[in-house]
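Listed next: structures, encoded as structure tokens.
Shared between the two complexes below is subunit A, which has subunit B as its partner in the first and subunit C in the second.
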Partner chain A sequence: MDTRRGALAVPKVRRVGFFTSIEPPPESSLQRPNRSQSGPVDATTSSSPLSDSPSGNLISPVLIPPSRHHSDNLTSRVAAAAAAPVPVPGPAAFRRYLTPERTLLHVGSYNPPDSLLGTSSPSSNGGLSEDSASLFGFQRSDSTKLSASLPNGGFDLTLAVRAPQESETKIATTSASQGKKKIAEVSGKSESATTKPQKEKEPKALKDKTTKAERRAIQEAQRAAKAAAKGEGSRRADESGRANPGKAAIKPQPKKERLPVTSSVSEKTAVAVEKEKRMDVPQTQMQYDDKSRVDKAKRRAVVEQTESKNKVELFLHLPQYERSNQLPNLSSNFFTLDSIHHAVYKVGLQHLAGDISGDNARCIAMLQAFQEAIEDYSTPPMKDLTMDLTAKINGYVSFLIECRPLSMSMGNAIRFLKNQIRKLPVNLSESEAKSSLCSDIGRFIDEKTIIADKAIVQHAVTKIRDGEVLLTYGFSCVVEMILLYAHEIGKKFRVVIVDSRPNLEGQKLLRRLVTRGLDCTYTHINAISYIMREATRVFLGASSIYSNGTLYARVGTSCIAMVANAFSVPVIVCCEAYKFHERVLLDSICSNELGDPDAVANIPSFRTNAKHSKTMDNNKNLQFLNLMYDSTPSEYISMIVSDYGMIPPTSIPVIVREYRRENLLL
Partner chain B sequence: FPAMSAAVVAAAARSTLRPPSLQTLLEGTPESATVPYTSSSGADSESKTADKSSLTRKLKHDVIEGVNQLIQEIAGCHEQIAEQAIEHIHQNEVILTLGSSRTVLEFLCAAKEKKRSFRVFVAEGAPRYQGHLLAKELVARGLQTTVITDSAVFAMISRVNMVIIGAHAVMANGGVIGPVGVNMAALAAQKHAVPFVVLAGSHKLCPLYPHNPEVLLNELRSPSELLDFGEFSDCLDFGAGSGSLQVVNPTFDYVPPNLVSLFITDTGGHNPSYMYRLIADYYSADDLVM
Partner chain C sequence: MDFQVVILAGGFSSYLVPLVAKEVPKALLPVANRPVLSYVLDLLESSNLKDLIVVVEGEDAALKVGGWISSACVDRLHVEVAAVAENVGTAGALRAIAHHLTAKDILIVSGDIVSDIPPGAVAATHRRHDAAVTVMLCAQPVSGPSESGGSGGKDKTKKPACDDIIGLDSLKQFLLYIAKGTEIKKDTRVKKSILCAAGKMEIRSDLMDSHIYAFKRAVLQEVLDQKPAFRSLKQDVLPYLVRTQLRSDVFSDQSNVEENGNGNGKNNMQNNEVVLSQILSNASMPSFHQVYESGLGTRKTHKCCVYIADESKYFVRLNSIQAFMDVNRDVIGESNHLSGYSFSAHHNIVHPSAELGSKTTVGPHCMLGEGSQVGDKCSVKRSVIGRHCRIGSNVKIVNSVVMDHATIGDGCSIQGSVICSNAQLQERVTLRDCQVEAGYVVCAGSEHKGETFARK
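Then we have the complex of A and B:
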């Protein structure tokens, strides 16, 4: 670290991961060894039409933005409200980071380095120092979390603007209220250290003063304040708490909304810090062997489910339902249920019928249904828009869960949506609020999936050389895009598609690739030991990636990765960043999804030489297990290509943490 | 015997040291038959032909007896292997198997009869789906069975105590030729430190050393088991810009000896590194091409 500080002027970003940029970026001393610079610097990367992609002309590595962005990046309106009076005047330097420059960094960090370094370098020094001084303990836009954590109705009425600068200046003044661990990270992350040293010492000294007794006093004060202002906060919290039985991803909402409206800023911010620390531990999913919760969920259920008779013991904690009568029941109820919007109902039916598969498709369909629902929504009289809309969304979400358990990426998307709802300023009219929410959803879809996929394709295509044999498993839309794009730009390669029962998704991919003119080989998963000798790279898609680097993807992916490892074939996983999650996973049993067991039991009878006797099916000794997902340990994965660049699996928690603070991830 | 060549001398020497192979017998008989024939002046040629026919009759008898013995061995190996089941399966075990093998079926049922309680995961074994047949037979005999797809092998193996498979052939180095998919199961078992047990009758022992076994000792079956004929004919237009489609459907899989924990044969349990010694019991040195 010291050598870095001494050698260059002001290093702005810390680069991690793999590099494929052709021109070496300015801070060459910071970089890890540039693997691909010595490798084939393909002419195709420079000649390919990259101008329209936000990653610019460089295939830039992953950039960890410096810890200075407090602006509510996804909504520019907060930054625009910088003119509000600040009750506690802070030093003039504090206001510097409210400049509109901050709003530049709202789309993923794959902005080329010039935008970070060039335009914002003068302000970044001050910004970084202020950040570490003011939010010792908070990085980036924790203020957004704070501002979001304060209840919408109460706080915003008392103070005209809920702007990040307020909370930050208050935090600066309330020096004794934070006693958290994050000071180490502040010092660890401060790249622009040249101008900061003295400011850093302040927060460190302040932190030491907070003792345990002080913290306990703060908590007592919080509790008293909470009891005083229970009405609004607790009602909202209860609604959202009850309506979400099993959502791992939207855990912080009830806790945040329970924060009391107090006049004491220090308690608020202290409470926010407490909440945030608790929020860091993800809520556990609903366990289906807990009888009381299952019954409670059943009573609220829209869809009638009959539990399957022959449950596999090992999976008693996951729902195992009979699929046969769900779809007819649900479709017959289509016109009678008015609690669920018709677009959401349709998406639920599609999930149940299995028409939609693939994480991106499911997520986009769900978000578009929510867009429609929000457009048609009208606030009932005497109710607050945010609360009511949040409750409605919770209702939709639990309906969708009943149709098919949500994936991690869908959970992240829902959390984003709820965040946006909560951050709506009170002074917006209903139509304005609805249109802003719809545009937020549209932007989320665009940024996180469509543009992200383009970025991933640009990165991954550099890893394909002529003469390669690429192996892929199942049907991942991102991998399909990569292969088609590489074929378009003229690379010569062969594709091996590995497929498995019961979904046989690989046949869809096979059809698409062959019609476009690629040379394909098709085989089933048992034959991977045979075919892996020919493969040079393995490209896999993902459903989500956990913080310990474990890949959660279609069942069979782990087998592919393991055999690839045994034959020393590199495994490249292509995954958008919104699918990263902060939970951790060790094996495939604890968290999974069980599909229809009949899909495994029904095999075309001409395949076997014996008759398929129905009498055996009701035998309680015989069970069929149809796992949908499995977990691949991180040591089998060589590289993850995301829209933030190419990273090793060990960098996933770093990305989740850095970008979630900024709200860049979601 | 002046007419004897060096090769004949060598063959005679070999045959005194080891039991003669069929080839030497068939080669040596006319030689030894002709030698006294040529030496004699032909006076007792009738007795010589009588000797020769009795020799061939004895030879035929020996060969037929040998074949019968082999048949009995093959038929009886199941019981002998199944007798050892009780030593390896204890209570509350979880066993994984792939495809269908009668040896495995007998093995598991023998353990069940001795009142060991365990459950079995059966991977269905595409593309022939023999696993379903094995599962039904196991259920018929009262064992708790769960059928899983082949892709779930790695996912489930963390909860499995032992992997038991049957072999198609056992190679001289201790490697196993088995139904397709066993290599994947063997790698998964190694990663999770699960014992990988191969059941093989001694008649499956092969004196060949596997060089590039996936290709040379494999058999590629019809692609129609994976894709129906005509299913993809609409996208393959065989024009200039179309791609090609190749379907690979191997029958067998090779498991290297370092992944196998134990061989259970009708002569007992053995290490993979020991299997080459057994070859000498069943094969004559003349027949070995090593």
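Then we have the complex of A and C:
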């Protein structure tokens, strides 16, 4: 597995464009950072104008629109000054890329090979550490950053020892609207700082030390960021109007991800910073094992829900409610929930009852309900439309969350809508504002789903050749469109539909494909290793794709992808770009959704056996777990077909970064 | 929530003949000393439904009902009382008030139910499936007195046992067939197309139609306009809709879609709309309607849904004398949460102003209204006694309902009977399973069993 990973990922990483055109050929890239390291490190001590030039001038023409880059010039300088001699395409990318790497370091224990690498590298001498750094490097995309910093530690002891203080003081003084970036930078620094002194110690101890130092650095950075943020405003005033939404969207990302993983950042600063960001962030996932928060949420709750008794311990942080009570409870309150618009209520009911499944459909249904709600909305006297409508939408959203946790795409759509509301010109009359919002929503639906789907179909169909056997899992509406379209234009192929209990969504797909005259095979997931022999290509749908390329999709997808990988069958994931998310996902435990646990136990054909099921229910030693999603590491994905074309999974962050700001207005 | 509520309060029901009279329309029949209509209003009020239309047959009855409503709950509810001609049937009544109906969906509730099933549940089911009509079904109540006195009421008890024959699909979401059990003599017909489309039909006789319906307004009005001969919702309109669900003549869905399309304004790309609706419909498990529709292309369908109430919920329709007895017994007995009274330690309600003679016992599950007087050595068990009744000494009242201002002489024995208001029982009358009309005087010393006393 490891060798494959390395072989697959390294070239991709280099190619995607985190490195600019001045990048030397790959074989020398390992050396390169070491060489150039001295320059920028000097720049750290003197100040940064020198380092301005590589990042400022040598940007790859492909990726960064100049205007924005210019605005972020300051950041790039700081970034360059910190440690990275490598020309960095843009601070945003830098920032983002760092995090996955770091988290990977932290939670190495999740992934044995990783942790092994991480611990072994510093104990060796300089040459070896270089090597290990390169190993590190191809784990995730910002390899050079780390490979640069690690050898640096090996090179210059004094400098490295000095580094932490230096970085801290610098943080305190520099303008710090880039708090997040600095955190990243500092962590990189401290990494480099600590590796050297701890060289002779136990790997384990080193690891602890590293995280501690990091923690302190992070804390410091956050404090500085907070302080600086106040004074900073004026400088970026002209920029703020445009840059804010995008920035806000990106900024909180590292933090959000870090919180659940390390859980070491001081609560206080975390909360403070969180508060600042709250307006822009789609709600962070609530941790349901946090008693006080759950209680608070309960008080706000619209729908009464009883928590299920027999919870699975590993998933306590996810909402687990008695499914059987939810629907009757909600529906009996039909008339009492006046605050919820009936269209939204209907969608909530449908989500809860499982009448609508599938990410696209859920998102569209939600948006249409919002559209209806906005049409019926009228601003109460003495209130501001923007504020009041946002509050209303928030209420709807929390209601929908109670019905069923939102998917990432829905979060993105909500964020879009809220931004749209916020951006409404003040002088617009109410009816104009409403119609503009409605048309915005309509446009979102059209562009992000329908047209995107058409684009995806056009792209993906080129990958289908005559005589192929296409395997698909579960039900994805895009995949269905692709198959139908390919059939329509006369391609000859066969479809294998793999399905899984308890939802058996594949049957829907099967029924529709068969009525259209496609040649289909239907099987369950237990037969995957057998049926995969026949397949020549795997098409998968997605619930969302995270910026580290992790595919978050219906449970079972990762199994399919892995088996396909083992049989060297290419795995093609079809996903609209509005489902991309800048978060990083490493496992399917942190964020997931739990389905009805009873659905696992209930096998339709055995339903008559009531006695049997009763004993199952009452057994305290038996817990049912019905996970809805799982995550597929990017190694197993050959290609992602999105509305922006066919891209490797490593390019997701680029899309997120570049298109979110200008095009998506998210 | 865009629902309008219509309460069909009826007029002077023929089923309840000795109990209802010109003075007391069915809606005002006292159940535990409260008009039955108040239970419906309470139920709706608890669901936050405060704008109601009460339809009453006959001007006189409407006046009476309106008078009561305005005195009882004018401050809490906004009730419109509409009078319609007598004997037009439920469908006719709705036809008469059609111009009042404006909301998207109409919730129709019979005025004679005593229940604690939240009507919101029906409405929610209706909305969730986007149905043309949703019917609430509930388990057949166990009819008849629980212990003593069961012998006499048997012929009436048996009747509702095969009230409705109901066909459901395998998921118990859709209504495939409905008929009154009494109508089916030897054989019945089930639409083949429906059976084929649904694949499987479950026929139930243990459920009954609760007369709480949610209709799509457009569908309801369409049907009422198209079929002027329809008189009853349950017997005509509902079976018609169920029968025609796969070849719908009511194109409500279509018009709605078109409205939505226009509302969205600039979405000139009809194509997108189609794709959109396809995505949405593909996402959900297709009901057999959709399967059928897609199979045959142009056919329009509409959905007839059911909401099956939980068995633990209480539901009784006041449509027979037996039911009247049952309701009275239950409301002060097992299902006392419905009555809204607070019970004493002896599980009974004795109004403080009621006067009890010496050695008189009032057992559990009894109710004595205000200002009633009970003489010495009486025994009251499982009975409701109204306001200002005068009951002599040595009287035994078991399983009975005595309405306001009734006078019962000494030494009477009343079992399983209903004594209406202002009726008078002279000394030593023995009644068993009898009904005494309002103002009737039963002669002294007589002994009756299973009789109805009414002035001709």
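What we mean here is this: the second predicted complex is superposed on the first by the 369 of 666 C-alpha atoms of A that agree within 3 Å, B and C clash if a C-alpha of one lies under 4 Å from a C-alpha of the other, contacts with A are read in each partner's own complex, and residues count from 1 in each chain.
Following the convention adopted for this analysis, a contact is a pair of C-beta atoms (placed from the backbone, for glycine too) under 8 Å apart; a residue touches a chain by one contact, two chains touch by 3 or more.
Everything quoted here is computed from the prediction, not taken from an experiment.
On the superposed subunit A, the positions of subunit B and subunit C stay apart, so the two partners fit side by side. Residue contacts after overlaying the shared chain place A:465 against neither subunit B nor subunit C. Put simply, more of the residues of subunit A are touched by B, taking subunit B and subunit C as the two choices. When the two complexes are overlaid on their common chain A, residue A:365 makes contact with subunit C while staying clear of subunit B. Touch criterion met: A:346 reaches subunit C, while subunit B stays clear of it. Of the two partner chains, neither subunit B nor subunit C is touched by A:317.
In the superposed pair of complexes, A:450 makes contact with subunit C only, with no contact to subunit B. Remark: least CA distance from subunit B to subunit C after fitting both complexes onto chain A is 9 Å. The intersection of subunit A residues touching subunit B with those touching subunit C, taken from the two complexes, comprises 511, 515. Interface residues of subunit A, counted against subunit B in their complex, comprise 312, 314, 499-502, 507, 510-511, 513-531, 533, 554-556, 558-559, 562-563, 566, 587-589, 592, 600-601, 603, 607-608, 610, 612-613, 616, 619, 621-627, 630-631. Interface residues of subunit C facing subunit A in the complex, by the touch rule stated above, are 1-3, 47-49, 118-121, 123-125, 127-129, 263-267, 269, 272, 275-276, 279-280, 282-286, 294, 310.
Contacts from subunit A toward subunit C in the complex involve residues 328, 330-338, 342, 345-346, 349-350, 353, 355-358, 360-362, 364-365, 371, 375, 435, 438-439, 442, 445-446, 449-450, 453, 477, 480, 508, 511-512, 515. Of all the residues in subunit B, the ones that touch subunit A in their complex are 121, 124-130, 132-133, 135-136, 139-140, 142-156, 158-159, 180-181, 183-184, 187-188, 191, 214, 218, 225-227, 232, 235-236, 241-250, 253-254.
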